[in-house]
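Listed after this line are the structures, all set down as structure tokens.
Here come two complexes built around chain A, the first alongside chain B, the second alongside chain C.
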Partner chain A sequence: MSVGYLAAAGTPRVTPPPGLPRLIPADCAAGPEADHGFGQQSLAGHLARLGPLTYPARPGGLIAEAEAAGLTGRGGAAFPVHRKLAAVAGQARERRRAVVVANGAEGEPASGKDAALLWGAPHLVLDGLQLVAQATGATEAFLYSRRGEELSRRLLGALRQRAAAGLDRVQVELVQAPDAFLAGEESALVSWLNGGPARPAFKQPPVWQRGVAGLPTLVQNVETLAHLALIARFGAGWFRAEGTPAEPGTMLVTVHRADGGSYITETGVGTPLAALLPAELGAPGARTAPDASGGIQAVLAGGYHGAWLDPGRAAGLTLSNASLRPAGAFAGAGVLAALPVGRCGLAETARVGRYLALESAGQCGPCFNGLPHIAGALDELAGPRPRRQALADVQRWAGLVAGRGACHHPDGFVRFVRSALSVFRAELDAHGRGRCTATDPAPFLPVPAGAPTGS
Partner chain B sequence: MLAVTEGGPQATPNAGHTQGGEALVNGITSSTALWYASRATGVVALLLLTAVMVLGIVVNRQGRLPGLPRFGATSLHRSVSLLAVVFVAVHVATAIADPFVSIGILAAVVPFVSHYEGFWLGLGAVSLDLMAALIVTSLVRGRIGRRTWRVVHWLAYLTWPVAFAHSIGSATDMQGGLLLYLGIGCAVAVAAAAAWRVTAARRAVPPAQRAARVLAAASASRRLDRDRHAGAGAR
Partner chain C sequence: MKDNLRLLVNPAACTGHGNCAELLPELITLDEWGYPLLPEGGVPAGLSRQARRAARDCPALALMISGEAREEHSEETQKFRRRPA
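Let's look at the complex of A and B:
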């Protein structure tokens, strides 16, 4: 039997939440109003819904349970959680110290799920952070959250509540991430916590060997930690009740509808994209008659490092790497966006491409030289009568920057751009003839207001 | 015994004699061969170390050498430094083995214990030790981490001047004539590279602004190209 925080005899055992949602209520907002329904913002509400956290009775228990659950990182890379845990725990045994970090930086402008989780269920994340601290033998813990005074105040309040209740074994320090696309990249995060700039670093030695303060460091996305907090309570079998056998569990998604609205929800991995965008992909009529209002011309899967998909193809795909990878996309951090007809896909790609290029950390030549050059050529392709040279430039330079640099920023950028060239082929032809099919010039995909937009 | 069969000086410092049936080449005897070998490898090592220093500065500022891609400077810096190690090793080994002056193995490594030219040879020992630190940390850079390596690599700016002082001070033939000009040339090359490094560092664009600068330049040149293209089309 495991030992709970408040394991008073006779405490009624909380029954696992049946079905969905598990983490935060459906259609949860990424803001102070994120609570409706679950009441998990307060510690009392959290404990009432899910009961006290139980630490695994035997050492390595959490690692084994995470492996049995098949939990993968929800920050985008989908790396098996148990392997990272085991690696850091092994290092910590030798060094006698380690650091764990809950990563809620969420630099992706189109994603809001980590913020929604931190607003709506901070104690679930903090439970998970304590669990991994215990599992790895960590002596220090950080909560690395998106910048924002209000959110920080809320999170500090949550930490204080836990301290007052004497819940936490390892003290947690709150750190605000800088506003940067790459702020959540693992080595950039470590550099920031070490007092340096939030820029990706060389991967040798890896952060699980030498990270924060030179100690073995575990960095996990906040949603991953929230899942761990539930797995520790209800077990791997319960976790696997949702999702697919290869990619079990649920994930939070941020969905941008064609009407310009967006919502955050939790869904089983392997949910059809048509179920998440029912108005856009669900009804066959919406696809076959793209001129009808509500029709869409493309779906972006995986965020700004992801890929554009043709709507006909997207309608047959599910939100899982098994389904999306062959289509050139991936589930990533669960960002979906349906681009309605009447907007210019090339203009959207150029605008996001410019943003991504400017978000280069400016360290590696292929990135800070290549991405702006590609962005410049994309600008030309988004305008009337681009020269044929512009398309050739994009294709050539994309091949030159892919797979290079200290992090995967160039790779993600190239994936996004190449998919646009293939999905928006017809638009490219139209631009070549000096026409654009768009009727609405307003920007569609979110790009931070403060980001430089150039001339 | 080691016999130098090429590259010897034209002058004949010693009266010739034969050893092991081998004919003399340009008056180098077995007793002077080591002396000349040590001198020659020392001079070549100085030239190579100067090249390593200049190349290292180019690599540090991410500069380019004419006709080479950027990574070319990096691999050249590495290769030339390893070549310099070989020459320094032969230079030291022949100096120790040379019976004309007695320099012990200890004096080659521990500074200022040699009875012969104590101070100048001491500088040589210092630069040898520093060089060993630079090479060893570079070979195990993956294990010790970039930051440690970087700190140690700053010692290069100390190593070269010490090695240079050792060359000028202990080699009497470098204090005049052709070799003096060679030494001056080396010093000028390194001084120029160092000066360029300082000004380049001052002019360097901060990482956060690099992409924006490139984007502005790329967009401007693209517009210019286009206008020219359009102008040509209209004509």
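Let's look at the complex of A and C:
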């Protein structure tokens, strides 16, 4: 569909980037040294590659184009972007004011893609933020980024370049997120911007009605905004050239390989997991036994609120919710980790579980009681000869915390833990007999050192 | 008349007093940490008076009847204090 974008007068038309990648180059790092090859860190490089931002010619144009593109939120929840945009725009029409926030908090320790995007292509994110500000009638805009002095300096520089060029219609304020797993949760973000602690709130009314300063508030992940900046330039049809009809477009992923290395890349939604972990899961289509060839015992999909998958099963799945949901996982924010043989999956789960329990905001009784109890029982299960009761306790407590928080932290925690009990059954049996199959006690999954409590 | 009342708890406000389970034992039990477990379905018409009373008497103002949300008790601050980057 065409919504008739106005090209800025006198600017050369830029052809859309063919194929992949679209946002940032493949195998990029999240750090200051990475210009990522596209030269997009500077405003001049950004404009040279993609041309100037074009605003939709008619009101509602961006919302219609986002709907046609089928763009969903890339922060993990995969909520349709056009619905959030329309909801905030509707509220803003009544209230005459609204707030938009680019969410780059990325509290998930195993994810690095939002930081890579902010380092490598800040102007793509800031273009998207201007677009949603215009589409919703927002009067204030925030860039909520991961804490870090050097990154903040870089982002302030990008904002200054745009101000000097007179690019932005709404001024953007940079705010650093606290180091907490839940810092990017929508209502926690709103609370922080309102001067409170970054703790999730009971969402009534929802933030699209009453968020920052009590105003209708749109919170979108930074990657989502970057996709919007490209959709506004090149259209919904171009966006849909990658991905699947049900889940169009590309997504950034953070992949932790079995050899301990990790990489960030952009891939079409629906890419086989085996294409992202070829050494571990075998090339797509090849019917090799992953256990024998790749030396892995499980794949974690969806990060620390996601699920462990048996490698044989993971080899047949794709990076899409259509494929992963029936397996109990989800694409989330694109975190994949392949756990090599020789590590204890129960010890990994217990270590991450302890971290997640500490990252509870400590507000909701079932979460602040249940998560530490479950983490303690997981510690026992990760050790030699756990009591039978420990497993029964985990299962009972998991049932008691799921669905009983103001946010989804207990639900995600329970998904992660339950999948471990299923995928690492053989290890559980071994521990029951006083044996652990691990040969390497070194931690595998990343957990921040001296993790803060999040409050 | 069909009664479609539903019980709802703000889990971030609930402090586990347990009054609700005493006032409405037919519908509310407590978990092993003292926090209420609410029924899946709605409130039967015969218990709507007791349900309203349990919500009204919740000392943490956490128990609600859906559609009758007590926004005025929300703890979230509406004051807009900016944090510098």
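General remarks:
Please note the rule applied: the second predicted complex is superposed on the first by the 429 of 455 C-alpha atoms of A that agree within 3 Å, B and C clash if a C-alpha of one lies under 4 Å from a C-alpha of the other, contacts with A are read in each partner's own complex, and residues count from 1 in each chain.
What we mean here is this: a contact is a pair of C-beta atoms (placed from the backbone, for glycine too) under 8 Å apart; a residue touches a chain by one contact, two chains touch by 3 or more.
This structure is a prediction, so every number in the text was calculated from the model and none was measured.
Superposition of the two structures on chain A shows chain C clashing with chain B. By the touch criterion defined above, A:202 lies against chain B and chain C together after alignment on the C-alpha atoms of chain A.
Of the two partner chains placed by the overlay, neither chain B nor chain C lies in contact with A:318.
Of the two partner chains placed by superposition, only chain B is touched by A:377; chain C is not. Legend: residue contacts after superposition of the two complexes on their common chain; A:406 is shown touching chain C, with no touch to chain B. When the two complexes are overlaid on their common chain A, residue A:366 makes contact with chain C while staying clear of chain B. Judged by the touch definition given at the top, the superposed model places A:156 against chain C, while chain B stays out of reach. Of the two partner chains placed by superposition, A:130 touches none, neither chain B nor chain C.
In the superposition on chain A, A:213 contacts chain C only, with no contact to chain B. None of the stretches 3-11, 21-29 or 147-155 of chain B clash with chain C in the superposition except 147-155. The residues of chain A shared by its contacts with chain B and with chain C are 199, 201-202, 204-205, 210, 361, 363, 365, 367, 369. Touching chain A in their complex are the following residues of chain C: 10-16, 31-35, 69, 71, 74-83, 85. Against chain B, the residues of chain A that register as touching in their complex are 197, 199, 201-202, 204-205, 210, 354, 357-363, 365, 367-369, 371-373, 375-377, 379-380, 387, 390, 452, 454-455. Residues 62, 70, 142-143, 145-146, 205-212, 214-216, 218-219, 222, 225-226, 229 of chain B are the ones that touch chain A when the two sit in their complex. Residues 152, 156, 173-176, 191-196, 199-202, 204-205, 210, 212-214, 361, 363-367, 369-370, 400, 404-406 of chain A are the ones touching chain C in the complex.
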